[in-house]
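Here come two complexes built around subunit A, the first alongside subunit B, the second alongside subunit C.
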Partner chain A sequence: MNASRDAAGSFTKNLPPLVVNGKVYVGNFSSQLIVYGLLSGVGTGPVTMSLNSTTNPSAYNQALTLTANVSPPGATGTVLFMDGPTSLGSATVTSGTATLAGVSLTAGSHSLSAVYSGDSIYAGGTASLTQSVSMAAPAITWAAPAAITFGGALSSVQLNATASVPGTFAYSPAAGTVLAVGNGQSLSVTFTPTDTMDYKTASATTTINVNPAPAPASGVNLVVTKVLSRTGGSIVIQLTIANTGGMTAAVVSLTSVKIGTAAATPLPQSLGAIPGGGSIVATFTVPGSVGASGAASTLTVSGSYSGGSFNSSARITLP
Partner chain B sequence: MKRVLSMFAFLAVGALAARADIIITLDDPNQTGNPGQTLSFYGTISNNSTDTNPADAIYLNEDGVTLGLSSPGYTWIDDLANTPADLIGGQSSGDIELFDIVLTDPQSDPFGNYSGTYTLLGGADGGADTAQDFLAQAGFTITTVAPEPGTFAMLAGVILAAMWRKAMRHTRSDGIST
Partner chain C sequence: MRHMPAIGNTLRPACCSIAALSAFILLSFPLSGADIPTAPYDSSRTSWNNSEAHLTSANVNPSGFGKLFVRNLDGWVYAQPLYLQNLAIPDHGTPNVVFVCTANNTVYAFDADNPAIAAPYWSTNLGAPDTTASTSTSPNSEPSLGIISTPVIVRSSSTLYVAFRLVRCALTMLRT
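Moving on, here comes the complex of A and B:
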């Protein structure tokens, strides 16, 4: 229902529209009632109306059925259902009832109205209600991931929740985290839907078991995992060095970190001691000019500890 | 001279599987080398799973070595490029060169045997390279040796004796002709 004007003035809507003697008044223009429609051939018999919803309050995406009751029950004609100025549809009055099913409303408060057209005996009429629609909760699906071995880092293999609607996931602990050995460790996710008007944020939790790695022959095994991100023209490399052995690696130092042939800074970095079953995190940067986002490259890491040294090489895709 | 130097009977630490599906088998996990020598470690990476669905392939994204030899003592040459990007159940890499250890000459560490661990990371990432599950590890041992001083002395002695005999023959023949 749209109104237009051909002169300056102020306009206010009638919600719901006012029906008087077969005329539907949708608003006032400069204090003059505006006639939207003229219900022809209507009588003057008074009717009483009511408007009901199957569920109120309801949730977004929950289908509603609106029922307008027109009394006396002998009234015939149609009922126009409206959400504010927007038509939701119409239904024929049968035995004093007009029903509109399958109504879906966005989250929020809605001023619904039913406008009875009137018939040859009865004049038109209106009824209204305020329908409250709450935001819906997205459904999160996240199966407990298979057990992992200490030294590896959480990735999309474990952090793989899905939602019933589009949105983004924030995990805790985040991808790249190296969990200590232990069973039943908690993983959680907070989901933020793209449609924040109609959907609430949602969360879910699951658990994961982390098994010890096989004992290395040397007593120390330093395993390197990484998280890459691009920030402010630089590529940030977050390395986690985990000691899967049973002996402490003392005086651990990273001496070389490279993406391709580009050296990261700052180096060297002294990390101190990493006990068996422990891990430590170090952060480096490489100029973003090392490659475009999505380009394939390699990340090589070298370091030393008291009594030995370690090296790693990883296939990477630049962030 | 041909005597094998500094041979020790090491405990074979070939293949230790961390994740049941991926197995690393080194052809020769116990190697001996002199300073300056390159020790090449060949082996096979196998996915022993029965899941042959390509969507469930295990990606081999990262490898690494920890070795009880100080970093000046060697240079690690990674051969991750030799490994396939992924393996489905029942697949094997075949026998490939996994990594090399180039022993520095001269050695900064005492000659002896040093244990190391080769580790493989990856996982069922679904195509990207972000999976970093601990897949498997394999132990290996390096023995650094130098030619025994006695060997040098024996060699020098043989050479000197040969030179002396040659010189004596030459002197004797000179005497006959005069």
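Moving on, here comes the complex of A and C:
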């Protein structure tokens, strides 16, 4: 082996070290690879680095520009920008600066680093920063709905807010509510984004005018509106009986509520008096076996009040 | 440990207990001009990198030249390190990479320039080395004799060829 002792380790052998690109690579019998080369910035010390972000803290979806400064400015090579263990991209060092634009980060705290490759003269180096990225606020669009006439329940015609990102809307008052007569009544919505990591919840409000209904000749006009839902194997029927007339409907009672031929329970229900411009909500259930979700059927409602009766029939789609 | 974009590791079958084997390891190498893919330096065995222009008699002196960094390995190094310039490493761009092998049958690929990247980009161990070959005539009293010759890299086929010795039981056979 012609082994001999030297400063690189216990022994080296007769194969030459590797000399390439300004460095000398020596393997030894001390289980080491030793790298020799021109010392960083000969006479001026090692390279120093800094890493800066255009905006810190920033918001999700806000594009950032990362700038790594490498000194001395004569250093050449590339800088690799990392987000933890993930590469964001690399840039060439020009006059001591490497820039990476268009960086988009998820919400949260990010440990960013810049790794300078080094060159034949200067050793490599690293710099880091903690980038804080806040969640973004979704944009909610909700125009004030047109006025409605008393007796008409709120629906998707009025409750029609949109958002800039996917998510779900929760309205207050909810769909199916019959508002009292009056102008400038408040409607509100809370939006929950699907991406709850990067977007905040958001809310919006608007107003609606509810005009009085023209009083019928009898002075009593009962209007029935419905909201259907399926809960625990049953179909829940929520009926709102609104008196759009100008006189009180006394001794109001619901005597028949059916989906198809299936009678709802409990029946009959006495609702008492409904003053003109007022409404009462009554709830019934029908066994879910009346039909599968999405099936077409009919809802019929019959009732009476002092001095008259009322009936309502509507095509429905089972929930 | 990071993995090279590699990736085959095919061993020629051995029919003896202690065997000298050869392996070729498939890596992904684009062509580059400053590579040192064989020992010593080139196929003419010149022991001279005649394209080295950075080190000169003017700048190699006690004040300007010295140790930059050390990488600890799992065994002695007999083989000459090899070098590929601008090798594509996932998530690390195209750094220069130095390949070094140990008598413990491990092949490492380190960043050739950056002291901050201490972990190898890739490494593989080819098996327990032969440890019975040390003799009184050996000047080094080697504890093991796995990879003791320099591999060859053929960049055009993305392949590193390496010869090594394994221990299987009690019988030794040498083969090239």
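Basically, the second predicted complex is superposed on the first by the 274 of 319 C-alpha atoms of A that agree within 3 Å, B and C clash if a C-alpha of one lies under 4 Å from a C-alpha of the other, contacts with A are read in each partner's own complex, and residues count from 1 in each chain.
We adopt the following convention: contacts are C-beta pairs under 8 Å (C-beta built on N, C-alpha and C of every residue); 3 or more make two chains touch, one makes a residue touch a chain.
Because the structure is predicted, anything quoted here is derived from the model rather than measured.
A.B. asks: A:Leu80 in the overlay: touching subunit B, subunit C, both, or neither? Say first, second, both or neither.
C.D. replies: After superposition on chain A, A:Leu80 lies in contact with subunit C alone.
A.B. asks: Who does A:Ser302 touch here: subunit B (first), subunit C (second), both, or neither?
C.D. replies: A:Ser302 sits against subunit B, while subunit C stays out of touch.
A.B. asks: Is A:Leu239 touching the first partner subunit B, the second partner subunit C, both, or neither of them?
C.D. replies: Once the two structures are laid over each other on A, A:Leu239 reaches no partner at all.
A.B. asks: Answer with first, second, both or neither: which of subunit B and subunit C does A:Leu159 touch in the superposed model?
C.D. replies: In the superposition, A:Leu159 touches no partner, neither subunit B nor subunit C.
A.B. asks: Which partner chains sit in contact with A:Asn221 here, subunit B, subunit C, both or neither? Use first/second/both/neither.
C.D. replies: first
A.B. asks: Touching A:Val70, do we find subunit B (first), subunit C (second), both, or neither?
C.D. replies: Touch partners of A:Val70: none, neither subunit B nor subunit C.
A.B. asks: Kindly classify A:Leu105 by the partners it touches after superposition: subunit B alone (first), subunit C alone (second), both, or neither?
C.D. replies: neither
A.B. asks: A:Ala114 contacts which: subunit B (first), subunit C (second), both, neither?
C.D. replies: neither
A.B. asks: Thinking of the overlay built on chain A, is A:Asn311 touched by subunit B (first), by subunit C (second), by both, or by neither?
C.D. replies: A:Asn311 contacts subunit B only, not subunit C.
A.B. asks: Going by the contact rule set out above, which residues of subunit C touch subunit A in the complex?
C.D. replies: Going through subunit C, the ones touching subunit A are 34, 36, 39-41, 47, 49, 52, 54-55, 59-60, 63-83, 85, 90-96, 98, 100, 102, 108, 110-117, 138-140, 150.
A.B. asks: Per the contact definition, I'd like the list of subunit A residues that touch subunit B in the complex.
C.D. replies: These residues of subunit A touch subunit B: 148-153, 155-157, 175-176, 213-214, 216-226, 244-245, 255, 298, 300-304, 307-317.
A.B. asks: Using the touch definition up top, name the residues of subunit B that touch subunit A in the complex.
C.D. replies: Against subunit A, the touching part of subunit B is residues 11, 13, 16-19, 61-71, 73-74, 76, 78, 80, 85, 114-117, 119, 121, 123-126, 128-135, 137, 139, 141.
A.B. asks: Applying the document's contact rule, which stretches of subunit A touch subunit C when the two form their complex?
C.D. replies: 1-3, 11, 13, 15-39, 42-43, 77-78, 80, 82, 85-87, 90, 115-121, 123-126
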